[in-house]
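Each structure below is given as structure tokens.
The following pair of complexes shares a single chain, subunit A, combined with subunit B in the former and subunit C in the latter.
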Partner chain A sequence: MLDRIGLKRGDEVHIADASLELHAGSMNVLLGPTLSGKTTLMRLMAGLDRPTSGRLVEDGRDVTGLGVKHRSVAMVYQQFVNYPTLSVYENIASPLRVQGLPKAEIESRVARAAKLMRLEPMLKRTPAQLSGGQQQRTALARALVKQAKLVLLDEPLANLDYKLREELREELPRIFAETGAILVYATTEPAEALLLRGSTATLREGRITQVGPSAALYREPGNLDAARVFSDPPLNELALTVSNGVAALADGSRLPGDGALGALPDGAATLGFRADAAAAAVAVGGDGRDPSHPAFPGTVAVTEISGSESFVHIATDAGLGTLVCLVEGVHAFEPGDRAEARLDLARAFAFGADGRRIAARPAAAPRREPVPA
Partner chain B sequence: MSASAISAPLATSGTREARAARGPKGRTIGMALYMLFLFVPVYWLVNASFKTNADILSGLSLWPQHPTLENYSKIFADPDWHSAFTNSILMVVINTVISVSVALPAAYAFSRYRFVGDKPLFFWLLSNLMAPPAVYALPFFNLYSATGLFDSIWAVALAHCLFNVPLAVWILEGFISGVPREIDETAEIDGYSFPRFFVKIFLPLIANGIGVAAFFCFMFSWVEQLLATTLTTVNAKPIAGMMSRAYSAAGLDWGLLAAAGTLTMIPGAIVIWFVRNHIAKGFALGRV
Partner chain C sequence: MDSRVWDNRAWLFVVPVMAFVLFSSLIPMMTVVNYSFQDSMGQNSFFWNGPGWFQNLLDPTTAVGARFQGALLRNFAFSFTVLAIEIPLGIAVALCIPKSGWRVGAVLVAIALPLLIPYNVVGTIWQLFSRTDIGLLGVALGRSGVPFNVTQNAGSAWAVIVLMDVWHWTSMVALLCYAGLKAIPDAYYQAARIDGANRWSVFRNIELPKLRKVLVIAMLLRFMGSFMIYTEPFTVTGGGPGEDTSFLSIDLVKMALGQVDLGNAAAYSLVYNLITLTVCWMFFTYTTHADSKDVA
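After this line comes the complex of A and B, so read on.
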């Protein structure tokens, strides 16, 4: 359990009042962009760094000042960190050797971890003779074999190739769950947080912005920061000015008072929506438009095609910035083409001036479930 | 006219080909000349060591006219020369061991920790190398006379630390900084105690650096003459001291000096032979 953990270096605040409760056998994702403090928070949890404020409690025991040596922690870094001069076997066995376990026990544990990580044929090699994926699996096996209570994985799959990443992402939670450890997994990718299930804490600039079950947090971000972090491609944002309950955009055009928009207090606000709440369409003019789907005409700037779907970036004519829209399938939107972004207001989020979400819209189930079951 | 116009490009292409052909050959010749210049003094020394004094003084000769082993047998028969060699080697080995083992923790601290004045201190260490040894000869003489260390192997071994510790710290710091900090942390997470981590994990990682540092300490100490002769008289006289005895009132014993000089080169050559792979790797990885 983390109780209002803080870390300051000089005047620089690295982590501010982070509180988290982690349970044995649970999967916890730290989601945030680079430099948001994920690694720092993990180092504090491990005891590699000492917090300047707050407490770290483990099973009711205060372990705040306790060095990492005296804790039951395993950690895997984004870079593949192994002992270059030792063989893969010795690398995996290393924490057990230090614990002074009997030889037979070490052998059986290493053999099991090596089997799970599919490292059996490589045990006699040194890390330098392995591929990147094998090196990282060695590091993971070392973390696994220790059977630590707290396992910290700091973007462990970020430097791996796509296929291996998918495989390990499937297997890792299962493998570590068997040991009953608290698993903490840092990542920059929203999709990874969703795939790992468990609960997610979003981080921004050293602050935990929201904590909750991953899927629910994705569906209902509580504030602008959490929504920004939990969106890939980046969240589309439109600045609003609300007066007398009517929301107007920066160019003066008014939006219908649907959903959350009707409940906004007067003043400045932000309308945020993910790419999947906006559809790109060839500009058709004013006819046949759905009032709950305001359209923003513009010019296509970029189209990212991923196969089953395309992200179309539309630079709006009204000077509202570039909006990213999702289109299923491969579409022939070329840069320079005229197109319009049609916003599904029912799936947009409204945030007040303080960044808090104004959740007034009825909790209609999203049309397209982005979370794999 | 037309003939010359045609022949002109032909001629240029001809010279270009010639130049291309000469390229690698020219390089080989240049290299050979360079090696020749490097080895002439060495050859001259070895050559002289097999000559008699009369031979050496009689004029230019590329090889011994009357080859003799007399110079070497004089050295091998004289217990003073034996002890001089032993003294020199002991001084240098002791110094190298002290320098490297003192420099290792220091270099680790400079590389891994931030502390008040770390950077100025690091630079100050290097500035020790900038002063000529003569500056330190007198204070050392005075200090060692007072403490009774004078004319002992330790006197020279310790005096040379003044130059070799900073050098070793400087070299090792580069190598240690090349080892990711995460390895230290991983070992800590695994539960290693610091000494165990340092010996079992860390030292093998910087073995090349230790090799390079030891090599430089050995070489600096081996060729340093001024402090070595100033701080010793009889008991701990090093080779350099013995050699200065070879020019006596009776004149210079050229052959003896040459033989001693040749023998002096052997330990250095042996050290280089043993660390040659480390040095090659070391120069590529660390900073020197």
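After this line comes the complex of A and C, so read on.
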């Protein structure tokens, strides 16, 4: 458990008031952009650094400032970190040798970890003779074999190719869950946080902005920071000025269908929506539009085609910035084409000037709620 | 279909370099080769001597052969002594250099100072330093009763020359190692800390393997430097006492310029050159071999 952990170096705040509760056997994702403090937070959890404020409690025992030597921690990094001259077997065995376990115990544990990580044929090789994926699996086996209470995975799959990443992402939570360890997994990718299930904490500039079950947090971000971190492609944002319940856009025009947002308090607000809440369409103009789907005409700037879907970036005529819209399938929107972004207001979030969600948006079409793992 | 146009005019660009190399190395080198197979009675008249000089040189029972063998063994002994001290010492110094902060610059400059001093000045400094009448080291040792005299005692002369080389060149090894150490990602140290590894195993299993390539380069440079050393020991001891610090280069200069024994000296320098090239080649194949294994 982390109780308002903080880390300052000089005047620089690295981590501010981070509180988290981590349970044995759970998967916890730290989601945030580079330099948001994921690694720093992990170092604090591991006991590699000492927090300048707050407490670190493990099983009811205060372990704040207790060095990593006296903790039960394993960590895997984005770089493939192994001892270069030792064989794969010796690499995996190294933490056990330090612990001074009997030989037979070491052998059986290494054999089991090697089997789980499918490293059995490579045990005699040195890391330099392995592929990147095998090197990382060696590092993972080293973490696994230790049977630590706390396993920290710092973007462990970021340097692997896509196929291997999918494979290991699938296996990792399962393999480590069997050890009953607290699993902490840092990533910059929203999709990875969702795929890993468990719970997610979004980070921004050394602060935890929101914590919750990953899927629920994705669906209902509580503040602008969390929504931004948990959106890929980036969250579309429209600045609003609300007076007497009427929402005006930056160009002064009224946001069509603003009633659908519910009662907005007066003042500045931000309307945030993900690409999947906006559809791109060839501009048709005219009337007869659904008021809950305001349209923003503009010019196509870029189209990113991923195969099953296309992201169309539309530069709005009204100077409201570029909006990213999701279109299913491959769509040949060429840069310079006229198009409009049709926003589904029911799936947009309104945030107040302080960044908090303000209006509860009207209930979306009923969906089956997946139970967070 | 091969659509490439063959135009050999590009070779013209290489001509100036070829000409320069020809005049600066090849032609002087060929005169040496010339001398090594001929003998002269003066008046610029030469006659063929075949491999005579080489046979002479490589036969330790002849006077020249004995001289060459002595100098060669001394030179190897010197190189190995110097490497055995400078490499471990350089690593140790590199490990002590701070990794960040304002002290880094100050320490690096201080360490690099000996490297900036010209060879003959280094020699002069140590020559004066070890004099028994006015030198700080010489006088101090003399007063404390240690038998020390560079001009009469071979042990003293060797000690001073080795010490001088260590003082002059350990910095280079240290700087190379420091660069190598800086290149090790922090994650390795963290991983070792989490594993609970002690300082020694961090050094043994992380730092030393990661420094391997740098160390091979440092060893090559220091071997070459010490194997071809001339100015510094010559300034301090002049090759003495007797022949005790006459390394190959010193002996060769004596033979060629002092005794004008051109035939022997030419053979001497060619064999010397060949030894240097061979060692260079051995290091080169070793490093490229290590590269192909790609030590991470």
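Everything below uses one rule, namely that the second predicted complex is superposed on the first by the 358 of 373 C-alpha atoms of A that agree within 3 Å, B and C clash if a C-alpha of one lies under 4 Å from a C-alpha of the other, contacts with A are read in each partner's own complex, and residues count from 1 in each chain.
Please note the rule applied: a contact is a pair of C-beta atoms (placed from the backbone, for glycine too) under 8 Å apart; a residue touches a chain by one contact, two chains touch by 3 or more.
Note that the structure is a prediction, hence the values are computed from the model and not measured.
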Room on subunit A for both subunit B and subunit C (clash or fit): clash
Which superposed partner A:A46 touches (first subunit B, second subunit C, both, neither): both
First, second, both or neither for A:S253, with subunit B first and subunit C second: neither
First, second, both or neither for A:S108, with subunit B first and subunit C second: neither
Subunit B versus subunit C as contact partner of A:A128, first or second or both or neither: second
Steric overlap of subunit B with subunit C in the superposed model, located at which of 2-10, 74-82 or 236-244: 236-244
Shared contact residues on subunit A - subunit B and subunit C: 46, 48, 68-69, 73-75, 77, 79, 81-86, 94-95, 98-99, 139, 142
For the subunit A and subunit B complex, residues of the former touching the latter: 46, 48, 67-69, 73-75, 77, 79, 81-86, 94-95, 98-99, 139, 142, 146
Of all residues in subunit B, those that touch subunit A in their complex: 180, 182-183, 185-193, 196, 201, 204-205
Complex contacts: residues of subunit C adjacent to subunit A: 185, 187-188, 190-191, 193-197, 205-206, 208-210, 293-296
Residues of subunit A touching subunit C in the complex: 43, 46, 48, 68-69, 73-75, 77-86, 94-95, 98-99, 127-128, 135, 139, 142
